[in-house]
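Each structure below is given as structure tokens.
First chain A sits with chain B, and in the next complex the same chain sits with chain C.
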Partner chain A sequence: MIKFIAKRILQLILILFAASVIIFCMVRITPSDPVASMTQGRRITPETRAALEKEYYLDRSLPEQYVIWITNALQGDLGDSFSHRQSVNSLIAGRLPTTIQLVLMSAVLALVIAIPVGIISAVKMNSITDRLLSIFTLIFVASPVFLTAIILMLVFALHLQWFPSFGSGGSWMENFRYLVLPSLALGLNMVALISRITRSNMIEQLNSNYAMTALAKGIPYWKVVLKHCLKNAVIPVITVASIQIGSMIVGAVLVENVFALGGLGDVLIEGVKAADYPVVQGIVLMMVVVFLLINLLVDIAYAAIDPRIRLE
Partner chain B sequence: MKKMIALFMALVLAVSMLAGCGSGETSETQAQTEGKDAAETGAASAEEGGATFTVALESDIVALDPAFAYDFTTNPVVNQITQGLLTFDENNELVPLLASSWEAVDDTTYVYQIRDDVTFSDGSQMTMDDVMFSIERIMNPDTASYLLWMYDNVESVEQTGDWELTVHLKSPSATWQYVFGTTAGHVISKAYYEANAEAFGTADGGLMGTGPYKFDSWTSGQEIVLTKNENYWDAEQEIAIDTLVFKIIPEDTTRVTALQTGEVDFTTSTPSDMLETLKAAENLEIQDVATLGVAFLAFNTERAPFDDVNVRKAVASAIDLNAIQESIVKEAGQVGGCLPNSSELYTINPEEWESYVDGAEYTSYDLAQAQAYLAESAYPDGFECTMVISEDSIRYAIALAIQEYLAALNITVDLVQVSSDEHTAYQFGEIYDPDGYRDYDMILASWEADYPDVSGNIEPLFASYNAGEGGSNAAVYQNEEVDALLSEQAASSDPSARNQALFQAMDLINQDTPYVFVYYPNRQATMNTAFTGFTMNSSWLWNMSFMNVHPAE
Partner chain C sequence: MMKFAGIFWHKPLIRSKKQEGVLFTVPMILSAAVLALLVLCCIFAPIISPYSPTEQNLADSLALPSFRHLLGADRVGRDLLTRLFYGGRTTLLSAVGVVALSVVIGVPLGLISGYYGGLADTIIGRICDVVLSFPSLLLAFVLVAGFGRGMFSAVVALGIVYVPMLTRLVRSLTLVEKNKTYVEAATSIGYSDSRIMFRHILPNCVSTISVQITLDLAYAILDMASLSFLGLGVQPPTADWGAMLDEGRNFLLQNPFLALAPGIAIIITVVSLNICSDGLHQYFEPVQRKLPSFKKVEKRKAKETAA
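Then we have the complex of A and B:
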């Protein structure tokens, strides 16, 4: 087992190294000038340009810049943002909690909506209700997150005025109210997939021998559905949902932008637009690390449960 | 194991349902009160001892530091906290602020008398030490201030009396006078800077100045909060707003919604394609503000086919600017003409400029003439060319219109739509083709003068020394006669002579047609009718103030 873990960690380090090189090169592909972006095209003297280039190591060769960046990053320092004049670490630290809260709330909302929808669709398989539910969930998956977000805002913030139209609130409790619409916008996108999986698993369980036996013994139908079948059907749903959280981070970028949440997404989009290399590199690298760590933990967990995986 | 999961799921469901219901209820009641108060926020909170005024910005600020305040989101924040030796009044004229008076002793020597009754927001007196320190900090190349270029022509700055400051220039300059009216002339507290040197200008360190508001907090990507300076040095000034909040809202639709619901009271980032919606809202009032800018189509005069003056004239006379104004630009600007600026920059003897514009000859819309020009050019049968544009919706619509106008001449325009930073890189000569020319045939872009000076747009757009890498001369226009006239007026202190030199230069330029001046952009400021007392003009980058805003009766 230890050997397996060591091997996986070694792989992770190699992947991380390759990813860091790719990230570093990708942000520099567009033909933009970071100094011009910093000063937004307004005029500057050669001295200012030289001082700015020195301050951000832009006067060094690319390999040198990479080494400086990665050495500092390994020590936990992601460098300074060009356009914000503060460290990327403090940018991330200030914005990460909002993004995490948004993704978690969306996941919970998606599950709360999708699982009952899946159960109802399974129980009423091929009925009108089943069809309607599947049409509705498909609409949400087909609608871009951006559009869903704007429609929700116009309806619930502008016309009904039930929720604030932007921002993430001051206190932790207040945040819940502010994040309802953003989480819905993000979560609805996931409902279709999760409810379809719930539905197919539930159908399988409902047709299984133990469910028949339970019914034959006279246990009420709803009790068989909710107590026996749901328990078995829900496990694969959780697995899929946790993988989906990864793709939610991508959607979160758009939702944060629409609702002005001041999360990581905003600063990432802004960084891409402004050729703010340290910001883009730092945030993307952090996301890659998070992804890899989740995968590592899942792999280790699988290996712990199923010894065959260790031996392949 | 399964039981654990089931239990956990049940818990998650229960908690989230409770949270959902709970937050739903509170939000409903809160939103109702908010909705009711939206129109009367100011009045209501004023009774409770001080109003809050909320401003929407479209992006986060660069820093809380005048040395880096050189854009339309950072300056409106910094300008409330620090002030300059001079400022611009509502007619764009220079007036003293932290200085009491100033004079040009000769062409290269300017003497400033500094006020001795000014205090910082902590109550301490502003000294000459603070003034000298602030100026020297921006002049020091290690600071890497975005405004360093303004001091390019300065030989020395010295203290020449208890409250007197003298600036010696390297050569006579018609534009030096404006520098102390910008953030380059803002005074910060030296003691405060030294106590916070590392964190100065960041959310942790903030800054201290003499302005009507002082820094309270900055949450990156979300908001900046300023509070009233109780020690404001001008005792006669009444400040009705206690808390000034700047909210960062990047998405246009969201900003408009927040204005409609009353969650924010003011913005200068009014999306021009949503003006109708805003005008329909009863709680909002829109103020049109002219700018010092111009939106132009620049021809790359260095490279074929636009190195041919007849090609440039053919294109310029094929484009109907009035039609573009009426159907696309609308309230977002005024139709362009023979000058790269609107009347906002007629700052010296305006009547001379008006009569010049009336008589000036330049290439304007005339399709028959366009065909004649093209027939005379090296490409009588038309050609194919590129036009670089940004993602802006108005600019895109204009580009499509131009594409169609030029199709009539059998000129095929390939639109190259790029992100804003790439567009900046094209416009300022950072992107070259293999032959060393700027890599576009035409570019649709804009420029806005730094100072309200007659040469504010003419010099950056036409001087040949601005045609190189990083230069603002997007047409790569090079004309020695024009250069000579531009330097002549830049060194002159005779207003009328300056105007005459500029008129001659514009005559030469208009014969060469390096640019088409498409329109002179306006900006719209939107404010909730619950407040009043706000005015702004085209110098608002430097002089925007919320000092006189107060809740409406």
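Then we have the complex of A and C:
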């Protein structure tokens, strides 16, 4: 087991290194003038320009810049933003809580909606209910996250006025009210995938011998479904849901944009538009790290449960 | 990426004894008809519509749906339905561009990787691993930051993002095909490797690849719309479903159609493509593991015990 974990961590470090090189190079693939992004187009003297270039290490060669960036990043310092006069760290620190809360709330909402849907579809397999639920969830996959967000906003914030239509609260408790609609929009997008997997797993469990035995012993049907089968069916569902966190992080960018939540996504998009390299590099690197770490944890958890995977 | 295999009935239009491998099923025909209608509307937009997609007419600013403007008009008085058709051109063409780019890069890489194996396979495999370590749109953000905003860079960015999935698919198909007798025969005749890969192995993979491509097209539409919505893809005044949604969301109370119409257009297209992909999948690989439903098993068991 230790060997397996060590091997996976080594792989992760290598991939992360390659990913960081890609991020660094891709951001700079076309020549643009970062100083213009700092001064927002104001005219500056050559001395100021030289001083700015020196401050941001822009006078060094690209490999040198990369080494400076990655060594600082390893020590937890992502550098200074070009357009915001503050460090990327403080930019992230201010915005991260909202994004994390959004992603977690949507993950919970997605599971809370999807698992019952999956169970019902499995129990009523191939019936009209099953088909209708499938088509219903398919519509939410086909609907871009931001469209779902806009429709929810139109109905529940602008017309019914149950929830605020934009912004976020001060503390995380206050934030709950602001994040209901955004996390619903993000969660609904995930429902289809999770409910499909719940459905297929539940069908397999319902057809298993132990379910038959339980029924034969006279245990009520709903109890077999909810207590015996669900327990076995739910583990792979949680796995898939946790791997989906990666795409939820990206979805969060879109939803934050609609509801102007002032999360990490907004800073990232602003950074992309303004060619603010340190911001884009820093946030993307952080998201990739989170994404890979979650995948690693899922893999390790799986290997702990199922020893066959370790030997692969 | 997910597939909706088996949601829809896919019953053949004309009942025959041979139930397997029917391409023209009811959902397939419906979805194909919807797609065809959409494409035709987009192609013949200048003939259908009397309005221009970019010409402003401030007298009609934010007009509600009427006979003059069937779906209303936007802030600067451009007819929404007209822009929807022209936007469809941009959205569909850019999605096709994304998929075409990923096919042009991904398929040869997959063939080489599967056919030669060894070092080439390792290198291509590792590159795919690295690209897949980014959540898909995130890499597109990085690439757009590098290439600059605009439709062209968004298409290139997404095209690159879609490569590894396709490469892996083609690789796994090639691994199966290359051990078949016809490849052995072709080798013994002395055909070149590239001829065997592209003229012999590739045609045998086309069916599975086409299922994936249809699905990728749906995702490309969604992702292009996302990029344009964020202001990273198609730039105004060019009409595009994602960019139109972005403009329309500021006028939700005045005329919600401005945001909803392009959104619904996206949903309809993506659902149709999903159904097509599902239908193609069932046509090419009709054998599916089907578990009997719980109730049926119970009934069968009850019958057996009774007998």
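Note that the second predicted complex is superposed on the first by the 270 of 312 C-alpha atoms of A that agree within 3 Å, B and C clash if a C-alpha of one lies under 4 Å from a C-alpha of the other, contacts with A are read in each partner's own complex, and residues count from 1 in each chain.
One rule holds in what follows: contacts are C-beta pairs under 8 Å (C-beta built on N, C-alpha and C of every residue); 3 or more make two chains touch, one makes a residue touch a chain.
From a predicted model like this one, the values you see are computed outputs, not experimental measurements.
*Asks:* Assess the superposed three-chain arrangement around chain A: do chain B and chain C clash, or do they fit?
*Replies:* Here the two partners, once superposed via chain A, clash with each other.
*Asks:* Where does A:26 make contact in the superposed view: on chain B (first), on chain C (second), on both, or on neither?
*Replies:* second
*Asks:* With the two complexes superposed on chain A, say which partner A:271 touches: chain B (first), chain C (second), both, or neither.
*Replies:* The answer is second: A:271 touches chain C but not chain B.
*Asks:* For A:208, select first, second, both or neither according to whether it touches chain B, chain C, the two together, or no partner.
*Replies:* neither
*Asks:* For A:142, is the partner it touches chain B (first), chain C (second), both, or none of the two (neither)?
*Replies:* Only chain C is touched by A:142; chain B is not.
*Asks:* Given the touch rule stated above, what does A:153 touch, chain B (first), chain C (second), both, or neither?
*Replies:* both
*Asks:* Touch test for A:164: chain B only (first), chain C only (second), both, or neither?
*Replies:* Once the two structures are laid over each other on A, A:164 reaches chain B alone.
*Asks:* If you stack the two complexes on chain A, which partner ends up touching A:284: first (chain B), second (chain C), both, or neither?
*Replies:* Only chain C is touched by A:284; chain B is not.
*Asks:* One more residue to check, A:89. First (chain B), second (chain C), both or neither?
*Replies:* neither
*Asks:* If we overlay the two complexes on their shared chain A, which of chain B and chain C does A:131 touch? Say first, second, both or neither.
*Replies:* second
*Asks:* After overlaying the two complexes on chain A, where does the chain B footprint on chain A coincide with the chain C footprint?
*Replies:* Correct list for chain A: 30, 32, 150, 153-154, 158, 257-258, 269, 273, 275.
*Asks:* Applying the document's contact rule, which stretches of chain A touch chain B when the two form their complex?
*Replies:* Of all residues in chain A, those touching chain B are 30-33, 36-45, 47-52, 55, 83-86, 90-91, 94-95, 108-109, 111-112, 150, 153-154, 157-158, 161-168, 176-177, 180, 231-232, 234-235, 238, 257-263, 266-267, 269-270, 273-275.
*Asks:* Show me the residue ranges of chain A that touch chain C in the complex, using the header's touch definition.
*Replies:* Going by the criterion above, the answer is residues 15-16, 18-19, 22-23, 26-30, 32, 122-123, 125-126, 131, 134-135, 138-139, 141-147, 150-151, 153-154, 158, 192-193, 196, 203-204, 206-207, 212, 215, 246-247, 249-250, 253-254, 257-258, 268-269, 271-273, 275, 277, 280, 284, 287-288, 291-292.
*Asks:* Quick check on the complex: what are the chain C residues that touch chain A?
*Replies:* Chain C reaches chain A through residues 2, 4, 7-9, 126, 129-131, 133-138, 141-149, 218, 222, 225-226, 229-232, 242, 245, 249, 252-253, 256, 259-260, 263, 266-267, 270-271, 274, 291-294, 297-298, 301.
*Asks:* Quick check on the complex: what are the chain B residues that touch chain A?
*Replies:* Listed in rising order, the residues of chain B that touch chain A are 2, 5-6, 9, 12-13, 16-17, 19-20, 22-24, 26-28, 30-32, 34-35, 59-60, 62-63, 65, 68, 70-71, 141-146, 148-149, 152, 201-203, 219-223, 247-251, 253-254, 257-258, 260-261, 263, 419-422, 424-425, 427-428, 430-431, 450, 460, 470, 472.
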